[in-house]
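Same chain, two partners: chain A is paired with chain B first, then with chain C.
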Partner chain A sequence: MNRFFYYLILINMITSVVATNPKILFQYSDKGAIPSMLLAVGAGLFFTYAVATFFNKFPGKGLPELLNEASPKWFAKCILFYLSVNFYLAGLITLITYTHILKLFLSPEMSIYIIVFSFVLFVSFGILMKTRSVLYTIEIILILFAPVFVYILIKAYANPIFDWDAVRVAMMQINHPPELSSFTTATFIFMGSVNLVIFNRVFTKQQKFSSKSLLTVGIIGIVILFTLYFVPIGFGGFDRIKDLVYPWISATDSMRMKFGLVERIIFIFMLLFLGIALLSIIIHWHIAFHLLDNFVRKKQRSQKKFNPTPYLIIVLFWMLAFMATLQLSEYQLFKYITVFDNLLPIFFLLLLLTFFVVNRGAQSK
Partner chain B sequence: MTNFQKSKVLLLPLLLLLSTILQTGCAFKDIDKRVFVAAIGIDPSENDEGKYKITLKILLPTGSLKESTGPKFTYLSNEAETIGESIRTLETHIDKVLEFGHTKLIILNEKLVSEEIGNFMDYFTRRGDIQLISYVAVGRPSADKILKTEVATESPASIALFNLFDDNGTENPFTVTTYLFEFRRNIHGKGIDAIIPVIETNNGDTELVVNKSLVVKNKETPLELSPLETMLFNSLKRNKGGLDYKVDNEQLTLLLDIINVSMDYKMFTDKGATPRVDMKVKMAGVIGESSKPLHLKDLDKYNQIANKEFHSKIMKLLKKFQEKEMDPFGFGLRYRATRLNDKNTFSDWEKLYPTIDFDVTVDVQLNGTGAIE
Partner chain C sequence: MLPGLYVAFTSYNPEILRIELALSVAGSRIGVPYPSFIEVILMLIFIEFLTEASIRLPKAVSATATTVGGLILGTALTEAALASNVMIIIVALVAIATFIIPVNEMSFAIRIGRTSLLIFATLFGLIGLTLGFLGSIMYLTNKESFGETYLRIYWKNQKQELKGTTK
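Moving on, here comes the complex of A and B:
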């Protein structure tokens, strides 16, 4: 697979680190989190494999085109709508979570409108960008931030106050049956490959998802999942880790750069994760936008005439984002995210069904 | 390019420029409208006005570093039922916003430590704007007194109370540094107890002295460690070198400069046998002072003397913790970490801890006798 495929997966993983995924996992830290995470690695890799091999069969084509060619219209419309809602929600969750985080830790006095506004403003540019340009944006930001991320990882694991005994206590909770919510949340970090539904449009060269690709995704996934779960435990201890609302923010606030320009790593971390989160929202909403655009579009749009549809969709995105951010309390947000994650198996099955239908349609032609 | 695309090119720089309006600096409140709280002190109330007395040490800005002779502080103090209430009241006592983002020290009164300290301290974690890397300490005789002690060595832009703990100013094994996150982790953690340094003043209130510490457990009387015990604990648990240690023998008195310390332990809890902790301590250093001339060829002999001395001191410290059922080393956590969890793991350990045997091996490597033999 080309490097952009890995970027898509990586962005999804890194975003999950700060979002609510660790918090959901910690709810089951003394129940079934560890076995669920182990299962999730397998499920996630299988999912990645299924998605990648499917799209490799149709280089240069996104899911909307494939559906239009090879499946009944009603089916195509249903799937497109369902997928676009899901992608929009995925982006929205990131947006709301980060708005809460900024409000709580970075600028408690700033109006929530301005925070959301500054997010959606820049995201809107990302949505309207060409798909290829989005990929280049991802590359630039990732290259800028990757060293910082590695630095934070080293800083965390090399910290003398990092309590490995607490980590081992958490590992010893392996003798529990797995739990659905923790399983789906852990699987979510492997969902980056599903972004191919639109991004496959620019992957025009024939590619192969080899065992080496699988190994790469597997190793990165395991490292991120391990970090995501155990770093907050190493700093915050095992017994009361459930109490932390943003375990990762607290974990980075526990690291100190003795001779750094700023002593608190949390500010570097915030910058890094804001960048990555912005990318993640752009990716998800870019896809949601294109899927929705294909959903409402009847025939090929003429190039010359001005068409208001894209802007209407963006206005819709903005309105929903403002309403949701203002309405939801942290508890509700947490509850809805759990529901969203728990619906992942359905999403997965529907996607497999779509692949099957498209494959059959393509063969019968 | 169509007209629309052209206008998009113009629109983008315009929007980017407009976005600078949002950048008004410190979240719409300039730095001169804020005061920075350097440290928070909490004492039990002196009058009947409430439960706690909160003292804030506030940094005053100086016009220029060259002209000022030292940092200037002001103090705010108030009594109330809760800490939050008290801080809220203090906000009405000052014309500026109290900013806790630079707070680096939380000083507790000794009397508060034996209360339900864990949930009480959660206030600071809950706030979000207080650093989790701020230091926690006990002030003696009171937090208020320690905060108001101004030390002669304080220069502008360097605050003595911070220098004591930040491993950047004074670095010595007598000072335990406990961060807020570490305190929270250990006070709530089952199988490990928190340890916090004690700050005292000398007679004339001109110096701050930090060489003792308290082992703290929820709702229990804390266990005080003497300077020597604090130093031993610090060098074993945190591998802090730089300790000077006096060794007395019938013939000679040595002062050892231990530069490196490393400690490792294993736990054996096989059924049938007495549970045992095997602790291996390695130390390396030089001889700094002696009552008699020394011989380099006798270094092995001096090693033996030092081994014996450290062995008995470490055993004494471990026994002391065991007797009081305090566990700042975290043996209980290690016990939990090495077996599959079930709901009795921790209660098993609580029964086990008083009966456990310690087997300490000390290996001191003295490398020289300093510049003279």
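Moving on, here comes the complex of A and C:
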């Protein structure tokens, strides 16, 4: 597979480290989080495989084009709208979570408007970028940030206060039946491959999704899931980990660099994840934007005439983002995210159905 | 990036730096009458004047200009508490860093970029600085000349890759 494909998956995984996903998992830490995580690895890999093989059949084409070619119109419109709303919500969740985190930990005096505004300003630039450029940006920023991320991981695992006994206690909870919410949350980590919906447009070369790629994705996913779940447990202990609002931030706050210019790792961590979150929001909203654009569009757009649709869509995004960020409290946000994650299986099935329909449509032609 | 960092640290998040450094930075700003970003902007304009002047003046005079500007004015500024010591260091570093850049036209671009980063840091603090940095990367990757992007990473250095696998 193309290396950009892995980047897309990786970004999705890393972003969920600091978002609400660990918290949802910890809610079920003594009710079957671990078996559902194991199940989620399987389901996520299967899903990744399905998406990747499907899009490899149609190099250089995004889902909107495929749908327009090979399926009835009403079906295409419904699917496009549903998908764009979903992607928008995924980006919105990251945005709101990060705004809360930044407001809490980095700049408590700053107005929440300003934080959201600064985010949305750059994100809307990212939305309007060319799809190819988005990929290049992802690559450069990931490569810039990767050493820091690895450093933080090493720092976490090699830390003397990292309590492996707590990790073992958490691992003992394997004998519970899996739980729906924790299962869907854990599968969300593997959802990065869905981003191909739009990004497949730039993958014009025929490529193969071999078992090696599947293995790579699986290993990365397992490592990230392990880190995501067990590092906060190692720092915070098993019993009361449920009560922390942002377990990962608290975990990183217990690390310090003795000789560093910046003593507390939490700030480096936060700035690093600020970048990653920005990328994730850009990816999600970029896709949502293009899907919505295709949904609204009636016929082929003429190049010359000025078209206000993209700007209208962005204004819509902005307004919804501001409203949602101001309205939601952390508790509500957490509840809504759980609902969103629980709806993911429907998303799964719908997408698979779409693939089926498109495949049949393409064959009948 | 340094001027932006200075603004972000002094006016938004002094607690990020370790305590000794934060104290020494804050200590050197005692008596400076205006907010840090005005200080930074003033000093940056001053250093730009200085570099431009030293380019244009004849050789014999330009040494005098830099001495008067750099040494005497710098010392006087800190003693009159119009700018902090750390600020002078930063400005000097910025000046040296601009001389590193090999192409003169590129240093103009860097100048603009520096100012925009400074503005973002002033408006949004450390968040703005990081986002501004990422934003400049985004801007550069989005810019194209003759269909090739300004900024991208060539991975394997294969012929294929140079032609562009993802077109």
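Couple of notes before you dig in:
One rule holds in what follows: the second predicted complex is superposed on the first by the 365 of 365 C-alpha atoms of A that agree within 3 Å, B and C clash if a C-alpha of one lies under 4 Å from a C-alpha of the other, contacts with A are read in each partner's own complex, and residues count from 1 in each chain.
Everything that follows uses one rule, which is that contacts are C-beta pairs under 8 Å (C-beta built on N, C-alpha and C of every residue); 3 or more make two chains touch, one makes a residue touch a chain.
These figures come from a predicted structure and were not determined experimentally.
When the shared chain is aligned, no partner comes close enough to touch A:360: not chain B, not chain C. In the superposed pair of complexes, A:263 makes contact with chain B and with chain C alike. In the superposed model, A:102 makes contact with chain C only, not with chain B. By the touch criterion defined above, A:204 reaches chain C but does not reach chain B.
With both structures placed on the common chain, the touch criterion links A:173 to chain B but leaves chain C unconnected.
In the superposition on chain A, no contact is made by A:212 with either chain B or chain C.
Applying the stated contact rule after C-alpha superposition, one finds that A:125 touches each of chain B and chain C. In the superposed model, A:271 lies in contact with chain C only, and not with chain B.
Of the two partner chains placed by superposition, only chain B is touched by A:250; chain C is not. Within chain A, the residues touched by chain B in the first complex and by chain C in the second are 107, 110, 114, 118, 121, 125, 263-264. Here chain A touches chain C in the complex through residues 2-4, 102, 106-107, 110, 114-115, 118-119, 121-122, 125-126, 129-130, 132-133, 135-137, 139-141, 143, 202-205, 260-264, 267, 271, 274-275, 278, going by the rule given at the top.
By the touch criterion stated above, chain A contacts chain B in their complex at residues 30, 104-105, 107-110, 114, 118, 121, 125, 160-161, 163, 165-169, 171-175, 235-240, 243, 250, 253-256, 258-259, 263-264, 304, 306. Those residues of chain B lying in contact with chain A across their complex are 2, 4, 12, 15, 19, 22, 27-29, 122, 125, 128-129, 131-133, 166-168, 179, 181-182, 184-186, 188-192, 238-239, 330, 333-334, 336-342. Against chain A, the residues of chain C that register as touching in their complex are 12-13, 16-19, 21, 120, 123-128, 130-131, 134-135, 137-139, 141-142, 149, 151-153, 155, 165-167.
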